[in-house]
Amino acid sequence: MPYVKIEMLDGRSAEQKAALARAIADAFVEHGGAKRESVWVVFDDVARSNWAIGGELLEKPAGK
Amino acid sequence: MPYVKIEMLDGRSAEQKAALARAIADAFVEHGGAKRESVWVVFDDVARSNWAIGGELLEKPAGK
Amino acid sequence: MPYVKIEMLDGRSAEQKAALARAIADAFVEHGGAKRESVWVVFDDVARSNWAIGGELLEKPAGK
Amino acid sequence: MPYVKIEMLDGRSAEQKAALARAIADAFVEHGGAKRESVWVVFDDVARSNWAIGGELLEKPAGK
Amino acid sequence: MPYVKIEMLDGRSAEQKAALARAIADAFVEHGGAKRESVWVVFDDVARSNWAIGGELLEKPAGK
Amino acid sequence: MPYVKIEMLDGRSAEQKAALARAIADAFVEHGGAKRESVWVVFDDVARSNWAIGGELLEKPAGK
(Lines give C-alpha, C1' and ligand atoms only; values in the text may rest on other atoms or scores of the structure.)
Protein backbone atom coordinates (compact mmCIF):
# COMPACT_ATOMS: atom_id res chain seq x y z
CA MET A 1 0.00 0.00 0.00
CA PRO A 2 2.71 2.56 0.10
CA TYR A 3 2.25 5.05 -2.69
CA VAL A 4 5.60 6.72 -3.28
CA LYS A 5 5.41 9.86 -5.44
CA ILE A 6 8.82 11.15 -6.44
CA GLU A 7 9.14 14.66 -7.77
CA MET A 8 12.64 15.21 -9.12
CA LEU A 9 14.49 17.26 -11.71
CA ASP A 10 14.17 15.79 -15.18
CA GLY A 11 17.13 14.18 -16.88
CA ARG A 12 17.46 10.88 -15.10
CA SER A 13 17.67 7.83 -17.36
CA ALA A 14 15.25 4.91 -17.54
CA GLU A 15 17.97 2.77 -16.03
CA GLN A 16 18.32 5.10 -13.04
CA LYS A 17 14.55 5.07 -12.51
CA ALA A 18 14.48 1.26 -12.76
CA ALA A 19 17.23 0.99 -10.12
CA LEU A 20 15.52 3.56 -7.87
CA ALA A 21 12.16 1.80 -8.10
CA ARG A 22 13.75 -1.53 -7.25
CA ALA A 23 15.72 -0.11 -4.30
CA ILE A 24 12.62 1.61 -2.90
CA ALA A 25 10.57 -1.59 -3.15
CA ASP A 26 13.42 -3.46 -1.45
CA ALA A 27 13.43 -0.85 1.34
CA PHE A 28 9.69 -1.25 1.97
CA VAL A 29 9.94 -5.03 2.04
CA GLU A 30 12.97 -4.99 4.32
CA HIS A 31 12.12 -2.07 6.62
CA GLY A 32 8.42 -1.36 6.08
CA GLY A 33 6.91 -4.83 6.29
CA ALA A 34 5.21 -4.28 2.94
CA LYS A 35 4.40 -6.90 0.30
CA ARG A 36 6.54 -6.14 -2.72
CA GLU A 37 3.68 -6.07 -5.20
CA SER A 38 1.85 -3.51 -3.06
CA VAL A 39 4.57 -0.88 -3.46
CA TRP A 40 3.70 1.73 -6.09
CA VAL A 41 6.37 4.23 -7.13
CA VAL A 42 5.53 7.06 -9.52
CA PHE A 43 8.14 9.45 -10.91
CA ASP A 44 7.42 13.03 -11.94
CA ASP A 45 10.18 14.62 -14.00
CA VAL A 46 10.16 18.34 -13.25
CA ALA A 47 11.84 20.84 -15.58
CA ARG A 48 14.43 23.15 -13.99
CA SER A 49 12.24 26.03 -15.17
CA ASN A 50 9.49 24.72 -12.88
CA TRP A 51 11.54 24.25 -9.71
CA ALA A 52 12.53 27.14 -7.43
CA ILE A 53 14.69 27.10 -4.33
CA GLY A 54 14.93 30.17 -2.12
CA GLY A 55 12.66 32.02 -4.52
CA GLU A 56 14.85 31.48 -7.57
CA LEU A 57 13.94 29.20 -10.48
CA LEU A 58 16.74 26.73 -11.19
CA GLU A 59 16.47 27.76 -14.82
CA LYS A 60 15.75 31.47 -15.12
CA PRO A 61 13.82 33.13 -17.92
CA ALA A 62 16.12 34.19 -20.81
CA GLY A 63 17.86 37.47 -20.17
CA LYS A 64 17.57 37.36 -16.38
CA MET B 1 -14.06 22.02 -2.00
CA PRO B 2 -12.94 18.54 -2.82
CA TYR B 3 -9.75 18.61 -4.84
CA VAL B 4 -9.47 15.27 -6.62
CA LYS B 5 -6.04 14.56 -8.12
CA ILE B 6 -5.98 11.54 -10.33
CA GLU B 7 -2.67 9.98 -11.27
CA MET B 8 -3.20 7.32 -13.91
CA LEU B 9 -1.36 5.67 -16.79
CA ASP B 10 -1.45 7.79 -19.93
CA GLY B 11 -3.52 6.74 -22.93
CA ARG B 12 -7.06 7.50 -21.85
CA SER B 13 -9.08 9.60 -24.29
CA ALA B 14 -10.56 13.04 -23.76
CA GLU B 15 -13.98 11.40 -23.82
CA GLN B 16 -13.00 9.01 -21.04
CA LYS B 17 -11.68 11.88 -18.94
CA ALA B 18 -14.86 13.89 -19.57
CA ALA B 19 -17.00 10.95 -18.43
CA LEU B 20 -14.79 10.32 -15.38
CA ALA B 21 -14.88 13.98 -14.34
CA ARG B 22 -18.67 14.06 -14.63
CA ALA B 23 -19.13 10.80 -12.69
CA ILE B 24 -16.83 12.01 -9.90
CA ALA B 25 -18.68 15.31 -9.60
CA ASP B 26 -21.96 13.36 -9.54
CA ALA B 27 -20.58 11.18 -6.75
CA PHE B 28 -19.60 14.17 -4.61
CA VAL B 29 -22.99 15.81 -5.09
CA GLU B 30 -24.87 12.59 -4.35
CA HIS B 31 -22.71 11.10 -1.59
CA GLY B 32 -20.44 13.90 -0.40
CA GLY B 33 -22.87 16.78 0.06
CA ALA B 34 -20.71 18.97 -2.14
CA LYS B 35 -21.84 21.77 -4.45
CA ARG B 36 -21.13 20.67 -8.01
CA GLU B 37 -19.15 23.75 -8.96
CA SER B 38 -16.86 23.28 -5.96
CA VAL B 39 -15.58 19.90 -7.20
CA TRP B 40 -12.18 20.18 -8.88
CA VAL B 41 -10.76 17.15 -10.67
CA VAL B 42 -7.25 17.20 -12.13
CA PHE B 43 -5.81 14.38 -14.22
CA ASP B 44 -2.11 13.54 -14.42
CA ASP B 45 -1.23 11.19 -17.28
CA VAL B 46 1.77 9.14 -16.19
CA ALA B 47 3.97 7.31 -18.71
CA ARG B 48 4.42 3.58 -18.12
CA SER B 49 8.15 4.30 -17.92
CA ASN B 50 7.43 6.42 -14.83
CA TRP B 51 5.24 3.97 -12.93
CA ALA B 52 6.64 1.00 -10.99
CA ILE B 53 4.79 -1.75 -9.17
CA GLY B 54 6.66 -4.17 -6.95
CA GLY B 55 9.91 -2.47 -7.89
CA GLU B 56 9.50 -2.96 -11.62
CA LEU B 57 8.79 -0.15 -14.09
CA LEU B 58 5.74 -0.98 -16.24
CA GLU B 59 7.86 -0.07 -19.24
CA LYS B 60 11.43 -1.20 -18.76
CA PRO B 61 14.50 0.45 -20.24
CA ALA B 62 15.38 -1.00 -23.69
CA GLY B 63 17.31 -4.25 -23.48
CA LYS B 64 16.18 -5.14 -19.96
CA MET C 1 -3.55 1.86 -11.62
CA PRO C 2 -5.41 5.07 -11.04
CA TYR C 3 -4.34 6.63 -7.76
CA VAL C 4 -7.07 9.02 -6.71
CA LYS C 5 -6.06 11.41 -3.92
CA ILE C 6 -8.96 13.36 -2.54
CA GLU C 7 -8.31 16.43 -0.44
CA MET C 8 -11.55 17.66 1.12
CA LEU C 9 -12.80 19.54 4.17
CA ASP C 10 -13.04 17.29 7.22
CA GLY C 11 -16.39 16.25 8.61
CA ARG C 12 -17.61 13.68 6.12
CA SER C 13 -18.76 10.40 7.65
CA ALA C 14 -17.31 6.95 7.10
CA GLU C 15 -20.49 6.07 5.22
CA GLN C 16 -20.03 9.01 2.86
CA LYS C 17 -16.44 8.01 2.21
CA ALA C 18 -17.48 4.39 1.59
CA ALA C 19 -20.08 5.53 -0.94
CA LEU C 20 -17.63 7.93 -2.61
CA ALA C 21 -14.93 5.27 -2.88
CA ARG C 22 -17.39 2.81 -4.43
CA ALA C 23 -18.75 5.37 -6.92
CA ILE C 24 -15.25 6.38 -7.99
CA ALA C 25 -14.23 2.76 -8.54
CA ASP C 26 -17.45 2.23 -10.51
CA ALA C 27 -16.59 5.28 -12.64
CA PHE C 28 -13.11 3.97 -13.48
CA VAL C 29 -14.44 0.53 -14.38
CA GLU C 30 -17.25 1.96 -16.50
CA HIS C 31 -15.50 4.94 -18.11
CA GLY C 32 -11.79 4.42 -17.54
CA GLY C 33 -11.32 0.80 -18.58
CA ALA C 34 -9.66 0.05 -15.27
CA LYS C 35 -9.75 -3.19 -13.31
CA ARG C 36 -11.68 -2.55 -10.10
CA GLU C 37 -8.98 -3.87 -7.78
CA SER C 38 -6.41 -1.55 -9.35
CA VAL C 39 -8.29 1.60 -8.28
CA TRP C 40 -6.80 3.19 -5.16
CA VAL C 41 -8.65 6.06 -3.50
CA VAL C 42 -7.12 7.93 -0.57
CA PHE C 43 -8.96 10.59 1.41
CA ASP C 44 -7.26 13.49 3.19
CA ASP C 45 -9.53 15.30 5.65
CA VAL C 46 -8.41 18.93 5.76
CA ALA C 47 -9.38 21.23 8.66
CA ARG C 48 -11.13 24.48 7.68
CA SER C 49 -8.25 26.25 9.43
CA ASN C 50 -5.91 24.75 6.81
CA TRP C 51 -7.90 25.62 3.69
CA ALA C 52 -7.92 29.10 2.15
CA ILE C 53 -9.91 30.40 -0.81
CA GLY C 54 -9.17 33.82 -2.25
CA GLY C 55 -6.55 34.34 0.42
CA GLU C 56 -8.89 33.79 3.35
CA LEU C 57 -8.78 30.75 5.64
CA LEU C 58 -12.21 29.10 5.88
CA GLU C 59 -11.77 29.18 9.63
CA LYS C 60 -10.01 32.35 10.73
CA PRO C 61 -7.78 32.71 13.76
CA ALA C 62 -9.76 33.72 16.87
CA GLY C 63 -10.46 37.46 17.04
CA LYS C 64 -10.05 38.09 13.30
CA MET D 1 11.23 23.19 4.81
CA PRO D 2 8.04 24.27 3.17
CA TYR D 3 7.42 22.31 -0.01
CA VAL D 4 4.98 24.33 -2.09
CA LYS D 5 3.46 22.37 -4.98
CA ILE D 6 1.49 24.56 -7.36
CA GLU D 7 -0.90 22.96 -9.80
CA MET D 8 -2.18 25.57 -12.24
CA LEU D 9 -3.46 25.84 -15.81
CA ASP D 10 -0.63 25.88 -18.33
CA GLY D 11 0.21 29.04 -20.22
CA ARG D 12 1.97 31.16 -17.64
CA SER D 13 5.33 32.58 -18.72
CA ALA D 14 8.72 31.89 -17.19
CA GLU D 15 8.72 35.49 -15.96
CA GLN D 16 5.41 34.97 -14.17
CA LYS D 17 6.72 31.81 -12.53
CA ALA D 18 9.92 33.59 -11.48
CA ALA D 19 7.90 36.39 -9.89
CA LEU D 20 5.53 33.91 -8.18
CA ALA D 21 8.39 31.84 -6.80
CA ARG D 22 10.09 34.96 -5.42
CA ALA D 23 6.87 36.29 -3.85
CA ILE D 24 6.13 32.93 -2.21
CA ALA D 25 9.62 32.70 -0.77
CA ASP D 26 9.25 36.29 0.49
CA ALA D 27 5.95 35.33 2.13
CA PHE D 28 7.49 32.37 3.96
CA VAL D 29 10.41 34.45 5.19
CA GLU D 30 8.16 37.31 6.29
CA HIS D 31 5.17 35.39 7.66
CA GLY D 32 6.31 31.81 8.06
CA GLY D 33 9.63 32.20 9.86
CA ALA D 34 11.33 30.09 7.21
CA LYS D 35 14.87 30.38 5.94
CA ARG D 36 14.73 31.53 2.33
CA GLU D 37 16.89 28.71 0.97
CA SER D 38 14.65 26.11 2.61
CA VAL D 39 11.60 27.15 0.56
CA TRP D 40 10.99 24.83 -2.37
CA VAL D 41 8.35 25.77 -4.95
CA VAL D 42 7.43 23.38 -7.76
CA PHE D 43 5.05 24.29 -10.59
CA ASP D 44 2.91 21.78 -12.45
CA ASP D 45 1.42 23.17 -15.66
CA VAL D 46 -1.91 21.40 -16.21
CA ALA D 47 -3.59 21.35 -19.63
CA ARG D 48 -7.20 22.63 -19.75
CA SER D 49 -8.12 19.21 -21.10
CA ASN D 50 -6.96 17.73 -17.78
CA TRP D 51 -8.75 20.09 -15.41
CA ALA D 52 -12.47 19.78 -14.62
CA ILE D 53 -14.66 22.04 -12.51
CA GLY D 54 -18.19 20.98 -11.61
CA GLY D 55 -17.72 17.83 -13.65
CA GLU D 56 -16.84 19.64 -16.88
CA LEU D 57 -13.38 19.63 -18.44
CA LEU D 58 -12.21 23.19 -19.13
CA GLU D 59 -11.37 22.02 -22.63
CA LYS D 60 -13.93 19.55 -23.89
CA PRO D 61 -13.28 16.75 -26.35
CA ALA D 62 -13.83 17.88 -29.99
CA GLY D 63 -17.48 17.84 -31.03
CA LYS D 64 -18.88 18.05 -27.48
CA MET E 1 -7.42 27.80 -10.68
CA PRO E 2 -4.10 27.51 -8.96
CA TYR E 3 -4.19 24.80 -6.33
CA VAL E 4 -1.35 25.49 -3.92
CA LYS E 5 -0.56 22.59 -1.59
CA ILE E 6 1.89 23.51 1.13
CA GLU E 7 3.62 20.79 3.06
CA MET E 8 5.51 22.28 5.98
CA LEU E 9 6.70 21.37 9.47
CA ASP E 10 3.92 21.67 12.03
CA GLY E 11 3.95 24.43 14.63
CA ARG E 12 2.99 27.50 12.65
CA SER E 13 0.14 29.53 14.12
CA ALA E 14 -3.25 30.24 12.60
CA GLU E 15 -2.16 33.85 12.21
CA GLN E 16 0.92 32.80 10.23
CA LYS E 17 -1.20 30.60 7.97
CA ALA E 18 -3.71 33.43 7.46
CA ALA E 19 -0.91 35.80 6.45
CA LEU E 20 0.70 33.19 4.17
CA ALA E 21 -2.60 32.42 2.46
CA ARG E 22 -3.26 36.12 1.87
CA ALA E 23 0.25 36.78 0.53
CA ILE E 24 0.05 33.80 -1.85
CA ALA E 25 -3.32 34.93 -3.19
CA ASP E 26 -1.87 38.44 -3.62
CA ALA E 27 1.06 36.96 -5.54
CA PHE E 28 -1.21 35.06 -7.95
CA VAL E 29 -3.36 38.12 -8.56
CA GLU E 30 -0.34 40.39 -9.09
CA HIS E 31 2.02 38.03 -10.95
CA GLY E 32 -0.11 35.11 -12.11
CA GLY E 33 -3.10 36.86 -13.64
CA ALA E 34 -5.43 34.80 -11.48
CA LYS E 35 -8.80 35.83 -10.06
CA ARG E 36 -8.43 36.02 -6.30
CA GLU E 37 -11.36 33.73 -5.53
CA SER E 38 -9.92 31.03 -7.79
CA VAL E 39 -6.77 30.65 -5.66
CA TRP E 40 -6.96 27.63 -3.33
CA VAL E 41 -4.25 27.17 -0.71
CA VAL E 42 -4.15 24.05 1.46
CA PHE E 43 -1.72 23.58 4.33
CA ASP E 44 -0.45 20.20 5.51
CA ASP E 45 1.28 20.33 8.89
CA VAL E 46 3.92 17.61 8.92
CA ALA E 47 5.40 16.29 12.19
CA ARG E 48 9.21 16.43 12.45
CA SER E 49 9.06 12.66 12.97
CA ASN E 50 7.63 12.37 9.44
CA TRP E 51 10.13 14.58 7.61
CA ALA E 52 13.62 13.39 6.65
CA ILE E 53 16.42 15.32 5.02
CA GLY E 54 19.52 13.52 3.78
CA GLY E 55 18.11 10.27 5.09
CA GLU E 56 17.69 11.49 8.67
CA LEU E 57 14.32 12.14 10.31
CA LEU E 58 14.20 15.63 11.83
CA GLU E 59 12.94 14.01 15.00
CA LYS E 60 14.64 10.68 15.59
CA PRO E 61 13.13 7.70 17.36
CA ALA E 62 13.86 7.80 21.14
CA GLY E 63 17.30 6.48 22.03
CA LYS E 64 18.83 7.05 18.59
CA MET F 1 16.19 17.84 -5.20
CA PRO F 2 14.10 14.74 -5.13
CA TYR F 3 10.99 15.27 -3.05
CA VAL F 4 9.71 11.86 -2.05
CA LYS F 5 6.17 11.88 -0.65
CA ILE F 6 5.17 8.56 0.84
CA GLU F 7 1.52 7.86 1.52
CA MET F 8 1.16 4.63 3.49
CA LEU F 9 -1.17 2.99 5.99
CA ASP F 10 -0.58 4.24 9.50
CA GLY F 11 1.00 2.00 12.12
CA ARG F 12 4.64 1.94 11.12
CA SER F 13 7.10 2.74 13.91
CA ALA F 14 9.54 5.63 14.09
CA GLU F 15 12.33 3.11 13.69
CA GLN F 16 10.80 1.78 10.46
CA LYS F 17 10.43 5.31 9.11
CA ALA F 18 14.03 6.11 10.06
CA ALA F 19 15.27 3.01 8.22
CA LEU F 20 13.07 3.76 5.19
CA ALA F 21 14.25 7.36 5.00
CA ARG F 22 17.87 6.28 5.17
CA ALA F 23 17.45 3.55 2.54
CA ILE F 24 15.69 5.97 0.17
CA ALA F 25 18.43 8.56 0.55
CA ASP F 26 21.01 5.82 -0.06
CA ALA F 27 19.14 4.81 -3.22
CA PHE F 28 19.15 8.36 -4.60
CA VAL F 29 22.85 8.80 -3.88
CA GLU F 30 23.75 5.42 -5.38
CA HIS F 31 21.34 5.28 -8.33
CA GLY F 32 20.03 8.80 -8.79
CA GLY F 33 23.20 10.88 -8.67
CA ALA F 34 21.68 13.06 -5.97
CA LYS F 35 23.48 14.81 -3.13
CA ARG F 36 22.37 13.19 0.11
CA GLU F 37 21.34 16.42 1.80
CA SER F 38 19.11 17.31 -1.15
CA VAL F 39 16.87 14.26 -0.66
CA TRP F 40 13.63 15.13 1.17
CA VAL F 41 11.35 12.31 2.27
CA VAL F 42 7.96 13.06 3.82
CA PHE F 43 5.69 10.38 5.27
CA ASP F 44 1.91 10.64 5.40
CA ASP F 45 0.29 8.07 7.70
CA VAL F 46 -3.14 7.27 6.27
CA ALA F 47 -5.85 5.64 8.39
CA ARG F 48 -7.36 2.43 6.99
CA SER F 49 -10.70 4.22 7.09
CA ASN F 50 -9.30 6.68 4.53
CA TRP F 51 -7.84 4.19 2.06
CA ALA F 52 -9.97 2.27 -0.45
CA ILE F 53 -8.94 -0.42 -2.90
CA GLY F 54 -11.35 -1.64 -5.54
CA GLY F 55 -13.98 0.69 -4.13
CA GLU F 56 -13.87 -0.73 -0.61
CA LEU F 57 -12.46 1.13 2.38
CA LEU F 58 -9.86 -1.01 4.19
CA GLU F 59 -11.72 -0.23 7.39
CA LYS F 60 -15.45 -0.15 6.79
CA PRO F 61 -17.95 1.96 8.70
CA ALA F 62 -19.33 0.08 11.78
CA GLY F 63 -22.14 -2.33 10.92
CA LYS F 64 -21.17 -2.70 7.26
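Going by the order they are written in, the chains are A, B, C, D, E and F; count residues from 1 in each one.
In this section, contacts are C-beta pairs under 8 Å (C-beta built on N, C-alpha and C of every residue); 3 or more make two chains touch, one makes a residue touch a chain.
Nothing here was measured: the structure is a model prediction, and the numbers come from that model.
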Along touching chains only, what is the step distance from chain A to chain D? 1
Repeat of B-D among A-D, B-C or A-C, where over half of the residue-numbered contact pairs coincide, is which pair? A-D
Centroid-based (C-alpha) most distant chain relative to chain D: F
Distance between chain D and chain E based on Cα centroids, please, to the nearest Å. 13
Could you state the distance in Å from the CA-based centre of chain B to that of chain E? 24
Whole-Å separation of chain centres (CA-atom averages), chain B against chain F: 20
Quick check on chain E: which residues sit in contact with 2+ other chains? 3, 5, 7, 23-24, 26, 40, 42, 44, 51, 53
Line, ring, star, complete or other: which describes how these chains touch one another? other
What are the touching chain pairs in this one? A-B, A-C, A-D, A-F, B-C, B-D, B-E, C-E, C-F, D-E, D-F, E-F
Which residues of chain F touch chain D in their complex? 3, 40, 42
Mind pulling up the chain D residues that touch chain B in the complex? 7, 44, 46, 49-57, 60-62, 64
Would you pull the chain C residues touching chain F in the complex into a rising list? 5, 13-15, 17-18, 21-26, 36-45
Per the touch rule, the chain D residues reaching chain E in their complex are 1-9, 12, 16, 19-20, 23-24, 26-28, 30-34, 51, 53
